[in-house]
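Order as written gives the chain letters A, B, C and D; numbering starts at 1 within each chain.
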Amino acid sequence: MELGMIGIGRMGANMAQRLLRAGHKVVGYARTASTVEQRVKEGAISSGATSLEDVVKQLNSSPRILWLMVPAASVDDTIAQLLPHLSEGDILVDGGNSNYQDDIRRAAELEKHKIHYVDCGTSGGVWGLERGYCQMIGGEDEIVKYLDPIFKTLAPGVGAIDRTPGRPENKGTAEEGYLHCGPHGAGHFVKMVHNGIEYGVMAAYAEGLNILHNANIGKNTHMVDAETAPVQSPEHYQYDMDLPEISELWRRGSVISSWLLDLTAQSFQENPTLSNFSGRVADSGEGRWTIKAAIDEGVPAHVLSAALYDRFESRGQAEFANKVLSAMRFQFGGHHER
Amino acid sequence: MELGMIGIGRMGANMAQRLLRAGHKVVGYARTASTVEQRVKEGAISSGATSLEDVVKQLNSSPRILWLMVPAASVDDTIAQLLPHLSEGDILVDGGNSNYQDDIRRAAELEKHKIHYVDCGTSGGVWGLERGYCQMIGGEDEIVKYLDPIFKTLAPGVGAIDRTPGRPENKGTAEEGYLHCGPHGAGHFVKMVHNGIEYGVMAAYAEGLNILHNANIGKNTHMVDAETAPVQSPEHYQYDMDLPEISELWRRGSVISSWLLDLTAQSFQENPTLSNFSGRVADSGEGRWTIKAAIDEGVPAHVLSAALYDRFESRGQAEFANKVLSAMRFQFGGHHER
Amino acid sequence: MELGMIGIGRMGANMAQRLLRAGHKVVGYARTASTVEQRVKEGAISSGATSLEDVVKQLNSSPRILWLMVPAASVDDTIAQLLPHLSEGDILVDGGNSNYQDDIRRAAELEKHKIHYVDCGTSGGVWGLERGYCQMIGGEDEIVKYLDPIFKTLAPGVGAIDRTPGRPENKGTAEEGYLHCGPHGAGHFVKMVHNGIEYGVMAAYAEGLNILHNANIGKNTHMVDAETAPVQSPEHYQYDMDLPEISELWRRGSVISSWLLDLTAQSFQENPTLSNFSGRVADSGEGRWTIKAAIDEGVPAHVLSAALYDRFESRGQAEFANKVLSAMRFQFGGHHER
Amino acid sequence: MELGMIGIGRMGANMAQRLLRAGHKVVGYARTASTVEQRVKEGAISSGATSLEDVVKQLNSSPRILWLMVPAASVDDTIAQLLPHLSEGDILVDGGNSNYQDDIRRAAELEKHKIHYVDCGTSGGVWGLERGYCQMIGGEDEIVKYLDPIFKTLAPGVGAIDRTPGRPENKGTAEEGYLHCGPHGAGHFVKMVHNGIEYGVMAAYAEGLNILHNANIGKNTHMVDAETAPVQSPEHYQYDMDLPEISELWRRGSVISSWLLDLTAQSFQENPTLSNFSGRVADSGEGRWTIKAAIDEGVPAHVLSAALYDRFESRGQAEFANKVLSAMRFQFGGHHER
């Protein structure tokens, strides 16, 4: 098939390349001309466009397919600029990290112009070019079906991963790594929760590894005063744990083997103390939206929230709260901070 | 009555003074001779002792009462040094912050020597001299009854606080601010949970005030990129909240009025930005033991645990966990820390 | 002054009565005619109205003051019905539990009609008639000033509560229990966070009391099998704690004394086992909005979130999540549920 | 090699069988004679023993190896009964789920008898027979080295899982799925944290799936009253998510692919609504110990604790806390439970 890829940064360029390799035609566009030139040189796109209008013009098939890989905050602007150049029946795919509520709104607006909108949450990161992209898709049935060759190409396919026992072969595309999840917004909703889970899983490993990292705390000598409880049983915390080897160990045969653990083992392989990181952890929106959805639904999300808040705390956002605590302690007990 | 106060730091000296004012006799001892001298000068104790043996010798009544106000980690040592000088029937009161499990062990050991042991969790901090001390007491019935004049003197009494409607006048000492909670350890158990609750209540105020403190975040301009979600609705976060006035406001008529809030208002009165604090918050043992008790009992303690962990985090103890998160993000998405 | 009170349920009627007692005139309206009649009979309102139009007609002063005490979900409707009957300069006060974001929107809409809007978060519950209402106010400076006599009457006043040491006498209204917190929405924002804190404080007491409640768990005999860890040290959990007395005890001299604790002691006085409650805990919106605000601001709220989620869980909302856990355990370990 | 397997329930029998298949000799023992007979019939063990003494007698090699697969609560008893029949230099391996602190104590006690002790945390569950067991080992260097053929046989081996890029081939046994983690207790310490992480990872999936499960909550009609906030935007929660397909989807190409997710997909394949589970989730000790270790070390564990507490809550252990909340709400607001 033929599509326009709008946004050919790291992620978009890799997706374009995976499509190219499978014989699709991809017209690429980025705001910076030099990026476009470079992607052409790399062979990541079939051709480069000089403007959004130019992307549309270079697409011959009808309906046209325009795949957006731009920051969530730029999607509305990009659509507004594209709209005058589109024709009835054309298809816009938002493959970025939009909030699903924006999808619902946009689809309704675009419907007035008879433009179809598809939301496609995409997981896979920098590994997707080789590993394939897990795609969570929302939109109209026949439009999603029409785009199937694109999704199938980008998806990982069944590959080397065991099929789930008892699952009928013809049950659908999920086992190839892409799925039409429901109407507009359903794709980004599932992707949102996916990322929410990701935060939680990551935090579980991180907390556990931190406990192992501090398993030698009994070797330190602690002051004995009225303010600080002594380590209750220092003899129980005398272990110098080898985290690179332990994270490697768990990759095989353990209940907690996972791709994130594979990556953790690789990180420790590259730097056994992780001294190349400072520990300020970003969050990119989906974790926040997941918690808001949980709250709207009235379902508990202790773990996913804690994972999100720990990222806020890693960036110093609890500082004022902590000052309040110190102030209270000073007032009632005369406790001074160390 | 007559008692020996072992440990006359800030807290012990105030308690001695409150006893003295009510006509009790208090022999005071501290490891540092100059402290003893100072307390005599201040009129905080009836007389000073030069050694633990000297404390015992200066007590004429039988049984003798020895009240320990020493760090939890020093209690066992102090008892061991006292023991040779005591007589059958003498009473040891641990008024500090011991773990209740140590009380159970100590009481059993001392019973072999026919020495009585009483654990007395004491709340009141630097305010107790004037306000009185809330006392949570564990031990044998008749021994606790024998000590009643001491407890009553130290306690706040009913005072200006409304009696609980419907409560019979003769129901017991709880409304005077002291209570025999049960057998050995029961006092420190109740004090432990008291402090666990204290951590949770403090954290609730601190988090809420932090949310108010950041209510102007929409005034900042945020970068738009693929990594960071923009503030979703900056127009909703344009408030410069006056925390000194708001904490004052809530003191009257609101559901969350409390003594801790009174102290918070006072802190803001003294320094409206709390710039005199850095936000490294200590924890002194009871919060930890509370969580361990919850776990042993198999009851959830989401809030109290979170309050404890936030103190750990305020001291940088999540750093390694955060590095693990950054390492994972770099591996799967090529994300670099800012 | 003179005002129309729209919504004279329990809360609105009490507020009307407090205003009446101080000499203000209150025209009351409720959708159910019998409610209006009853309030007139009780002497809770100066006069009753038969419709929203009738309320407006009965108010002679200019500008008119209309105070809404209706469910958050009915505010927009009520305003829409009132609007045709109002004149330029009239003042609408929303004294209910609206989301502050709705305040911002409504104030902007009403400004087009030259109607002033004031948001007033009100704490005090069923106790407010006697105790006074803590009021958190948002809106235009001169309008809030104009309403001052109303706010002052509803507020608790300094009363018997100690003034914060060092606070200048003329510093403002906060110590009387009402405060102009900022522009439109600021009042409900502060009330929202107030309730978020309330959830956290309540949960801290509830968790702590639950730990005390289970302090006798070592008396039970537990099965020894591969699935269930035995209670590690049953000898440490042999206490039958008297919660009515302990909650009474903490009211005086302890760090955690508070109005919520007073109420807890009273609940235990009325029913020592709380067997009159089932433990399904409602939440009324502000707790949810507080967490959403924390997330928008990017500040951690471990404790306040946990308190909210525990309410969701008390209503069975974790059930499906728990089934997923059981399903996983069955898959990897053949574990069957009990 | 030759060893005695004490405890041949599901787990122990599978391990014995895996050893047998590789040519080792396994003498099996269980308290119930019929179990021993059945294991012999199944060919899971080389021979059966009628008593602990008989196990020891049937082992000819020196030192003898005795591998315990009994409930944690029975290990001390079993060791006490075995001890009289052992000779200097014999080796006891605890392959069950002991607390690492018990390992430290036991190793010290057994050292007096010149018996060697090895702790081996074992992950793999009912899948281990085919998949191999991930083994986390603590003990003396030369003893662990001596047992290497046993560990290697039980371990999964490198198998089909990609080697970690850059890891030297000869770096050690971790990539075969077993590791000598450190001195006595180190094995069970690592296994403990492994299980703590497992709880957290499981909870992350469970919470996320629960949010998806409730994504249709906007289809319900909600009452509008003062107590319950209406669903803020029902139009955003109209999705009927197909969890069997979504859990299948994430298995390929997504960041959260894992073995636990594979098992989840299989559970949904077997029962798409998980109606065969009630949602009462057991916990078997390691999760609790992990939190206690975190607390002793002073490191935060928000996520792992939340996961543990959610299990407690699934079994109704928050009930009394919730009653306290309802009681407070009734007191301050006259709120009745539904």
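Some observations on this one:
Just so it is clear, a residue touches a chain if its C-beta (ideal position, glycine included) is under 8 Å from a C-beta of that chain, and two chains touch if they have at least 3 such contacts.
Only a predicted model underlies this, so the values are computations on that prediction, with no experimental measurement involved.
Interface comparison, B-C versus C-D: the higher number of contacting C-beta pairs is recorded for B-C. Most remote from chain A, judged by the distance between CA-atom centroids, is B. In this assembly, the C-alpha centroid of chain A lies 38 Å from the C-alpha centroid of chain C. Between the CA-based centres of chain C and chain D the separation comes to 44 Å, rounded to the whole angstrom. With centres taken as mean Cα positions, chain C sits 29 Å from chain B. In chain D, the residues that reach two or more other chains under the touch definition are 125, 203, 205, 207, 210, 214, 232, 255, 259-260, 266, 283, 288, 296, 298-302, 306, 309-310, 313, 317-318, 321, 332. On chain B, the positions that touch chain D within their shared complex are 255, 283, 288, 291-292, 295-296, 298-302, 305-306, 308-310, 312-313, 315, 317-318, 321, 332.
Contact residues on chain D toward chain C in their complex (touch as defined above): 9-11, 71-74, 96-97, 99, 125-127, 202-203, 205-207, 209-210, 213-214, 224-230, 232, 259-260, 263-264, 266-268, 271, 274, 277-285, 288, 302, 306, 310-311, 313-314, 317-335, 337-338. Residues of chain C touching chain B in their complex: 100-101, 104, 123-125, 128, 131-134, 136, 155-162, 164-167, 171-172, 174-179, 181-183, 185-186, 189-190, 193-201, 203-205, 207-212, 214-215, 217, 231-233, 235-242, 245-246, 248-262, 265-266, 269-270, 290, 293-294, 296-304, 306-307, 309-310.
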